[in-house]
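Inspection log for the structure reproduced underneath, given as C-alpha cells.
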Amino acid sequence: MKNKKILSVLLAAAMAATLIAGCGSDGGKNDASGDTGKKENSNVTLSIVGIKTEIYDQWEAMQEEYSDIAGLSGFEMQVTGDETIYSYMQKAYAAGNEPVMAMLDPTDVYSFGEEYAVDLSGESWVKDTDWTISIGDKVASFPFCIEGRGIIYNKTAIEKTTGEDFDPSTIASLSDFTALCDKLVAGGMEAPVAIAQEDWSLGAHLFTLAYEQQDFTEAGTSAFIHEIVDGTVDFASNERYNSVMDTVDALRKYNIYANDPLSADYDLIASYMADGTVAFWFNGNWAWPNISEYVDGDTEFGIMPLVQNTSADDKANKMISGTATKQIIINNTASEEEQQAAKDFLTWLATDDEGKSFLVEEANLVSAFNNNTLENSDPLSVSVKQHVSDGTMYPTWNRAPGDHLTVVGGAMQKYLTDGNRDALAASVVDYWTENIDKID
Amino acid sequence: MEEKTFLGKTKHFLMFAGPAMVGFIAVVIIPFIYGLYLTFTDWGGIGNQKNLVGFANYITVFKDGDFWKSLLLTLGYVIISVILINLVAFILAYLLTSGMKAQNFFRAGFFTPNLIGGIVLGFIWQFVFTRTLPVIGQSLGIPLFEKSWLSDPTTAFWAFVIVTVWQYSGYMMLIYVAGFVGVPKDLTEAASIDGCTGFQVTRYVTIPLMVPSFVICLFLSLTRTFMVYDLNLSLTNGGPYESTKMSAMYVYQMAFNSQRYGVGQAEAIILFIVVAVVALTQTYLGKRMEVDA
Amino acid sequence: MSKNVIGGTKARIGHIVKVVVLFILLIAYMFPFFMVLINSFKRKVSIVRDPLALVDSKGFYFQNYPEAFESMRFPAAFMNSLLITVLSMILIVLFAAMAAYVFVRTKYLASRISFGMMLAAMIIPFQALMIPLVSIYGNTLNLLNNRATLIFLNFGFGMGLAVFMYHGAIKSGVPISLEEAALLDGCNKYQTFFMVVFPLLKTMTSTLVVLDVLWLWNDYLMPSLILTKRDLFTLPLSTYRFYGTYTSDLGLIMAALVMTVTPVIILYLFLQRHIIAGVVSGAVKS
C-alpha cells in the first residue's frame, strides 16, 4: 500500500514536470517584431547590463520614469554579480540573449565593438563630448561617466594633525610628499598611507602609470609597449618606471599595512580614510560610495597626482589620469525598434534636462558631456571634474588585455612584499612579449 | 533478470535508462563534443569567425609552462586535501553512528559549511586568516599566526587546504553515514556474537561492506578538488602573486580573461583527461574490492 | 564484576572525551555560519570594522532583512527556486534510480558504456561546457529564459552523481534474492523496481535529496546562464545584485543568505530523521 502511494506521488510529480516543460515557453528575443511602424514604443522593451553597482537604486528609479516618458513596455536591468562584464557578455553573445545595451569598460568596447556595436556617429550628442570610442569609421560607444585616479587625500585629517592649512598644489614632488608624511607621523598619525592589495588596483591602476606617463598619450603608450618588447627600450632602467616606483616605495614605507601588505582590506581602508586614521590612498573617485559610508560630519576630500621626484614641469606632478570608464554600446543584434529606442534613450541621457540631472545629481557621476554643467556633490567627483576643467587630466591608456591586471597585479603584490624592481620589470616584459599581438 | 534477444535487451534498457540517457546526452555529451570541436578552431570567444586550425591550440598548451605548473600545484593540493577530507569525514561518520545522544544535532552541525557558498564564504575565511588569527597570534606571541596566512604562498596554500577540508568533510561525512547505516545490523551483530571486538567488527565487517561509500567519497573528493574554482576565487583569488592559482582557475582565465578561448578549452580537455585517468583508476580498483551484502 | 565496572568507567571517560572533541570540532565547523548570522544583524560599518562583535555598537539592526527581502523580491524568487528545485530533484532521483538499477543488474554493453560515460562526465569542468551549452540552447534552439529549460539542464547534469551513488547503493544494499522472489510472485519489471527495490534505497534517496536540493537551491552559475529576466530569478540570482566589484552590500548579503538557506536547513533536519527512521523500520533487515 505504502509503496503504491509513493509510486503514484512520484509519477504524478513527473507528469506534472513534463506538462510544465511542455508549455510556458516565453523565451527568445526580438519577439516584439510583430507589428512594425507603430509610433508608440509600447512594444519595445529595453534592456541593459553592466550598471555600476553603486547606482543600482538610482538607475532603476530612472528606468521606470523613462519608460513612462518614452512609452516603453519595459526597461530591464541585468546584473553581472561577481563575474566580469567581459565574460558575461561573451556568454550572452554565445547564447544569443544579449541585452539591447551594455555598459562596458573601454577595453571591452574594443573587444566587442567592432562586431556588435551600432554606429552612433549620426547622433546629435556626438559633438558635445570628447570621450566616445571610435573603431574604424564608426562611433561605437556613448561615454557614460568620467572617472579619475590618483592619490585620494583627507584634507580635514591632514590639517587637524599638522595644524596647518593643506593645499594639494603645494605637494609638487615626492620630497614634498614624504616631508608631509613625516610631519603627519610626528603629529601622531602612525601610518599616513594605505595601499589596497587588489590586483586591479595595483596592476591596472597603479602600475599602468609607468606606461601612461611616458608621453601622456594613448598612442604613445602603445608605441612604448612595442618598444619594450622589441628591445628598443630597456624597461628595467627606464626613467619613468623608476620614478613611479620610487613613489610606490614611499607609499610602501608609510603604508598602514607595511608589515603585511597583502592583508589590506578594501572596506577597512575606506573606513580609515573616512575617519582620518590614514590620510592618503591611491584610488579613484569610484571609491566615494565606500568612503562615504563611514564619514561622520564635515570632512573634506580630494584627489591629487601621484607626485614623483622629477623636474618641476613634469606633467606627472600636476595631472591625474582619467577617462570615460563606462561606455554604453547598442548591440546591432537587437531589432530596429529596439535600436532606435536605445538611441532615443542615450540622446535623452545626454541632452534632456532630466537625463543630465539623473547622471550628475542622482547618480553623482562626472558627466562626459560639455553641455552638462550641473555640479556634483561628492568631493571626489568634484575634484575629478575640477581636474577636467583645469585641463589637468590626461587620458588613461585602456588597451591592456583582460589578464594584464591579473599577471601584473600579481607581480605588484610580490613587489609590495619584496621590493624587487628587476623581477617586477622582468614579469612585465615577459607578459607583453607573450601578448603583444593583442594591442595595436 | 536479463533479456535474451537484442530487441528485448534494448527495450529493457530503454524502459529504465531511457529518460536518463536522453537528458544526459542532450545536456552533457552533445555540448562536450561541440566544445571539443571548438578546440580545433581559432575562435576567440566572440563573433562568428571560426577557422579550423588543427592541433595548433594543443601545441600551444604543451608549450604553456604556467599551465603545467598549475597542474602540478593542483596535484599536490588534491592529494593532501583528499586524504584529509576522507580521514576527517570517516572519523566523524564513525563517531556519529555509534548511537550517542545528540548525534543528529552533530551531523547537522558538521554539514553547515555546505550551506554557504561563494563570496560570503571567502569573505568570512579571509577575515579569519587576515584579521582574527593575526590578532590572536600577536597577543599570545605565536609566530605562526602573527602574519596573515594569505600573504605568504606556503601558508596561503595550507589555508586553502584547511578551508577545503572544512567545506567537504561534512558532505562526505553524510555519505559515509549513509554507508554505515546501510550495513545490515544482523551481520555486525553476528560478528559480535562470534566474539569480535568493536574494532574487529569495523575492520573486517563494516569497512569491507562500505567499499561503495569509499569509492563514492574518494571519487567525489578527487573530482571536486581537482576542479576547485569557486573557493579558489573567493578565498585567495589565486594569490598571493598567483601562487595558489589552480588549474580550473587557470583554464577559466585563459578562456575568458586572456581571450584565448580555443587554448582555454583545450586545456580544459587536458585537465579532464588527467582527472579521468586518476578518478577512473581509483573507481576501477575500488569496484574490484566490493563485496555483495 | 570488577572488570566490568572498570570497563564501564573507561567507556564513560572515552565517551566524554569523544563528546568534548566533537563539540570543539563542531564549533569550528559552525563558526562561519554563526558569523553570517550575527553579522546579518549589523550595519555594514560594524561588519567591516568589527565582524567578531556579537551585536552592532548601536544595538541589534534588523533593517537588513526587510531591505533585502524587498530588494531581492523574495516571494517571487522563492517560488521560482522552489519550483525549479523540486521538479529537477524529482526527475533526477526517479530516473537516476531507474537507470542505476538497469546498469547494476544487467551486463548489456549499453549499460556498461552508459555508466562509464556518466562517471567520466562528472569530471568535465563545467566551465568547459558553458559556452557550447548556451550557444546550443540559446542561439540554436532559442530556449533561454524558460524555467523548463533550466529544469531539463539540471536533470541532465544531476544524472551523473545520482546514478553513481545509486549504483553503489543498489550493489551493496539490495539483495538480488528479493527481486527474484518478486518476479516469481508475478510482478513485472516496473513493479519489482518500484515496490521492492526503490523503497530499499530510502537512505540513499534521502541523502541524495539533501545533496541535490542543496546544489539546486544554491546554484548560481547555470541559472545565470539561462535566466536573465528578473521575473524568473531564483534566490541566488536575486542575491547577486548585492555584489559588486568595488563594493558589496555585506549586511544585505548576509541577511539574504540566512533567508535563502533557512528552508534548506529545515529540509535537512526533517530528512535526517527520515534517514534514521528508514533504517529502523527495518527494510534492510528483511
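When the chains are written out, they are named A, B and C in that same order, and each has its own residue count from 1.
Here is the rule we go by: a contact is a pair of C-beta atoms (placed from the backbone, for glycine too) under 8 Å apart; a residue touches a chain by one contact, two chains touch by 3 or more.
Predicted model only: the values in this text are computed from it and were never measured.
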Have a look at A-C versus B-C and report the one with more C-beta pairs in contact. B-C
Compare the CA centroid of chain C with every other chain's and tell me the farthest one. A
If you average the CA atoms of chain A and of chain C, how many Å lie between those two points? 37
Provide the C-alpha centroid distance between chain B and chain C, rounded to the nearest whole angstrom. 15
Residue numbers in chain C touching two or more further chains are 91, 131, 135, 152, 220, 243, 248, 250
Per-residue multi-chain contacts in chain B, two or more chains: 45, 118-119, 131
Give me the residues of chain A that touch two or more other chains. 82, 90, 94, 265
So in the complex, which bits of chain A are touching chain B? 82, 84, 86-87, 90, 93-94, 111-112, 115-116, 199, 259-263, 265, 401-403, 406-407, 410-411, 413-414, 417, 435, 438
Okay, in this complex, where on chain B does chain A touch? 45-47, 118-119, 130-131, 134, 147-148, 150-151, 233, 237-242, 253, 256-259
Chain A touches which residues of chain C in the complex? 44-45, 48-49, 83, 87, 90-91, 94, 130-131, 134-135, 137-139, 142-149, 151-152, 194-195, 198-199, 220, 224-225, 228-230, 240-241, 243-248, 250
Sort out for me which residues of chain C touch chain B in the complex. 15, 18-19, 22, 25-26, 28-33, 35-36, 51-52, 91, 95-96, 98-99, 101-103, 105-108, 110-111, 114, 117-129, 131-133, 135-136, 152-153, 155-157, 159-161, 163-165, 168-169, 171-173, 175-176, 179-180, 183, 189-190, 193, 203-204, 207, 210-211, 214, 218, 220, 243, 248, 250, 253-254, 257, 261, 264-265, 268-269, 272-273, 275-276, 279, 284-285
Which positions of chain A touch chain C when the two form their complex? 3-4, 6-7, 10, 13-14, 16-17, 20-22, 24-28, 52-54, 56, 76-79, 81-83, 90-92, 94-97, 99, 200, 265-268, 270-271, 286-287, 289-290, 293-294
